[in-house]
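For clarity, chains are labelled A, B, C and D in written order, and residue numbers in each chain start from 1.
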Amino acid sequence: MKLTPEQLKEIKEQQLQSNTTKRVTVPELEKILFDALPVLDHGFIRVVDYMGDDTSVVQAARVSYGKGTKKVSTDAGLIKYLMRHWHSTPFEMCEIKYHIKLPIFIARQWIRHRTANVNEYSARYSILDKEFYLPNSEHLAAQSQNNRQGRGDVIEGEKAKQVLDLLKGDAEQTYKNYELMLNERYDGSVIDENAVGLARELARMNLTLNTYTQWYWKTDLLNLMNFLRLRADRHAQYEIRAYADVMLETVKKWVPITFDAFMDYRVGGTEVSAKGKEVIKKLINGDNINIDQSELSKREWNELMEAFDLKDKLI
Amino acid sequence: MKLTPEQLKEIKEQQLQSNTTKRVTVPELEKILFDALPVLDHGFIRVVDYMGDDTSVVQAARVSYGKGTKKVSTDAGLIKYLMRHWHSTPFEMCEIKYHIKLPIFIARQWIRHRTANVNEYSARYSILDKEFYLPNSEHLAAQSQNNRQGRGDVIEGEKAKQVLDLLKGDAEQTYKNYELMLNERYDGSVIDENAVGLARELARMNLTLNTYTQWYWKTDLLNLMNFLRLRADRHAQYEIRAYADVMLETVKKWVPITFDAFMDYRVGGTEVSAKGKEVIKKLINGDNINIDQSELSKREWNELMEAFDLKDKLI
Amino acid sequence: MKLTPEQLKEIKEQQLQSNTTKRVTVPELEKILFDALPVLDHGFIRVVDYMGDDTSVVQAARVSYGKGTKKVSTDAGLIKYLMRHWHSTPFEMCEIKYHIKLPIFIARQWIRHRTANVNEYSARYSILDKEFYLPNSEHLAAQSQNNRQGRGDVIEGEKAKQVLDLLKGDAEQTYKNYELMLNERYDGSVIDENAVGLARELARMNLTLNTYTQWYWKTDLLNLMNFLRLRADRHAQYEIRAYADVMLETVKKWVPITFDAFMDYRVGGTEVSAKGKEVIKKLINGDNINIDQSELSKREWNELMEAFDLKDKLI
Amino acid sequence: MKLTPEQLKEIKEQQLQSNTTKRVTVPELEKILFDALPVLDHGFIRVVDYMGDDTSVVQAARVSYGKGTKKVSTDAGLIKYLMRHWHSTPFEMCEIKYHIKLPIFIARQWIRHRTANVNEYSARYSILDKEFYLPNSEHLAAQSQNNRQGRGDVIEGEKAKQVLDLLKGDAEQTYKNYELMLNERYDGSVIDENAVGLARELARMNLTLNTYTQWYWKTDLLNLMNFLRLRADRHAQYEIRAYADVMLETVKKWVPITFDAFMDYRVGGTEVSAKGKEVIKKLINGDNINIDQSELSKREWNELMEAFDLKDKLI
């Protein structure tokens, strides 16, 4: 990740701000506020604003349950209770805003989470940066043979080199032709003083999907956790997971108590279906139980056995 | 509006906080932060948290339009442009959280604005305060004869006294019986040590709709303006308008440039239909135009004439 | 539940419609279309429109996963897979619209589910029906002593009679005074020809929260299931659960395959936290494990043991 | 637009369905149900399902306003009233589902409208079709010199040929390399039996933004109109406007009364700011008024004059 001198200057200026407020503040998060945390080869995540902390969740819950919450003596106990019982609204009382640089094909996955506010850099108005994502060798994976959406083994040697050459070559060529059509280079210089350029809103269609874009993305803590539960999961595509993992670190600094409950109940937890419960009950009871008696499909059976580390029962 | 000693103490404590932050702050809004601004007889509005200011709107717009916004030289010019052309997403970058005390029948109107986060005091868990709304005499209006949703003349004299007596008497009686069923008074004291109380989630059904409730209500600046455009309008019921008017004052302190654009383009502006435009064009042109030539209904005609202060053309 | 002659006539007319369409239809649901299914003493649920069926879920999933879904051979298998892995968008492709009559205090709980479209009967414009909810004796429960939001034992005998008398008396009196203030009875007749009535938007505040209201409520299948998961749950208040239970029956007729998957994975399933998984693993393994070694709170421990029917391990 | 034999067969089968329903149906819309209406060079719009019609809007409004709506004698009058006064919820009672094929860079604009349900063809699972958008010559416009987001004159002659050659050449080359990396052609045939292919979720990043994708897109009538107001507008990019224009035709068939009100009040109407109203009032009055006295910016002044066809007052 390389920041331009203008960006570095802006970040420095933002970080030099020191304002006084009666609002709650989170010193751990303030320490990294505005920092560009690197992701992938040219991407970044920056926390640029936030509202509330763990106590805001508690405060909202206590207004809801009033005197009824007196029995839950600690904030941590209350937050765990809320998480366990899917009480969602108190977590909506905290808000965070990120500035994110990411490849367009990842932006297209990301935006499917609709409950967020977004302002994206517009290639109708401006020229996109000359930056595109190229996987490093350990993430250059073959198509999985048994899972349509997954990755198989890492591709190595000549084949890997060929793939990277193709990706790099096509991205560079399409970007060069983007400039040619625009009659303008990414630094603003004109190519041919006597020619006109194609409209930006048209020229952009020539770019490849690994071109980087950027946006401001603002959401509340509940929806952020919904996003992270799906995107920090091992089934998520590596490239979006790389962003989710960095965001998890920011959540940990921002709302440490909520983060712990989230990791315990959501990320680290598992769901068991009605039929799956019957299987587990029998296993606890020491009864003999196999897939045929379970009414589970093979895939369900294996997912259940994996969730509880019963590797010898995989079929 | 009477606050309990506990509430006064909590407000005092919140206002004594002084934290350091790198985030943008709004000194004018900080001055009234946590204050209980009175509304109606027992209600209030408190700003309890916020995120962003006018510069956050500008910053988001500039990331969207990139170098394309350089021509709009001032923040105010850019914000006015955004407002005029219904560019909505930059206004979503600011967030505000209110603590509000309001009668239940107003809360029912309010909640129809779905794009906000809410934590309401729950009468399933706790006993509601013994406070109910009684209109003061100038707002005690008769049903309008020509407008199904409107108010007519103010009711005065004996009839007014009768109405207020009925409202007060019924609210007090139903509240007394609420306590009786609960076997518990609003201050937590037990009525009959040897009896059991009805479940709170049931007993609450005996309360009248003018009983006060309270909630935390959090929304972004765009949705707040949508709310205020409808609820600070003269067609809105007086009781919700009273809240909207106080909130308008808080928006003015928070984002003064956005507030000005909002008042000019939304609150003070008007919409003219395609057919209405033809009428206005003819009027400017000095042509003779009457309702029959206009294709407008009587109601539309009058609304148009009123919007442009053409009182002599009302029919 | 008593329907007015007008309502019965309207339902009859709607049910006599017979139109031809190229859209998918669901004969089982058509059979009860427009029927007023009774809930509580005066409430009802009517399915008044719908769009899509189980095949619409499958069709949407197949456009998403393209040729990738060929391996999942059956519709039921695909729907189960989607449910298990929280693939939400295919379930959003079905839509349903209900006409519902319900007490106001239940409507207030209900409306907290924001992702639905609502048109409620407005007491600003019209006079509310003279109908209010009175629990029947088996649902007249005392406040639970150990659970702030729950119900305890059923109240019986004199105490029960007293409660019902209070509820009935107050509802009737406040309604009578509502009419008096309006100077108009619920049937539209004027009380005093020489007097004016209070504005409807004001008079309604005198009604108690068990007064019935009605609305059209439209939502997609995903959000409907989210609603039902919370409201058909045994922790939900009985009065809203009564509605959820009837709606579950309509879902079963509408999308039977999705319904089965929903019952298996959501309603009948359970979630196990990361710490809870360790406990279950030890139990399966036959290891000795007690609460002190588990890092679970007493409440968590008991919830886990209950989920797997390990009643002898409750503490 | 070329449909595959499979698609033509599926459409034919869907159109042969003939089901009986008690739901409201719209014969004019049924006529084009499932038809692939062509847009751009390879795109299409298909209406694949719908719920409700103009009477559903009226029915919802009448439940809200109850007996209060009796005075508005006609459905058209009521719908016009709702549109004029921004009563939004009755329009949410109708729902429509489209199947749309569109270039990715347009899909990225489109998806910014968040209040819709979407299932997009996933290039993680499947290989994208070998189809990309190439503007026809009349839409090949130069960048506007005075409007950052607009188009200027049409590009012609050699320059036009050069642009089209670049777009076509790059799209074909990147698609060829996409197949090479996948080791699989778009028709499913394998390129090198002895080689492995790159994971689909990675290979897709090599495609250009004019590649076509497709999705199911479902929304309610209110949000559809919000979309169309912005995207059928002359400020919208031509390529998305082409879709919006076709959708407008489907709305006209579906809900003709709502369509008329929408065209009159939204599409054909204009907004006038508080300051703009003062200018119009003076113009009607025959007073002298120029920009300096108006407090309007030059841009605002010109927009106002254009809205009312006062071309001689443009500055």
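Convention: a contact is a pair of C-beta atoms (placed from the backbone, for glycine too) under 8 Å apart; a residue touches a chain by one contact, two chains touch by 3 or more.
These numbers were taken from a predicted model, which means no experiment stands behind them.
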item	value
Minimal step count in the chain contact network, subunit B to subunit C	1
A-D compared against B-D, more contacting pairs	A-D
Inter-chain centre distance, subunit C versus subunit D - centres from mean C-alpha coordinates, in Å	35
Separation of mean Cα positions, subunit D and subunit A [Å, integer]	29
Separation of subunit B from subunit D, taking each centre as the mean of its C-alpha atoms, in whole Å	34
Two or more partner chains touched - positions in subunit D	65, 68-69, 89, 112, 118, 122, 125, 148-149
Residues of subunit A that touch subunit D when the two form their complex	103-105, 107-108, 111-112, 114-115, 118, 122, 124-125, 133, 135, 140-144, 148-153, 155, 159, 163, 166-167, 170-171, 173-174, 177, 180-182, 195-202, 204-210, 237
Residues on subunit B engaged by subunit A in the complex (per definition of touch)	14-15, 17-25, 30, 33-34, 49-52, 56, 59-61, 63-69, 89-90, 92-93, 95, 97, 99, 117-122, 125-127, 188, 214-216, 218, 220
Contacting residues of subunit D [partner subunit B, same complex]	65, 68-69, 71, 77, 80-81, 84-86, 89, 112, 148-149, 230, 235, 263-265, 267-277, 280-281, 283-284, 286, 297, 299-300, 303, 307-310
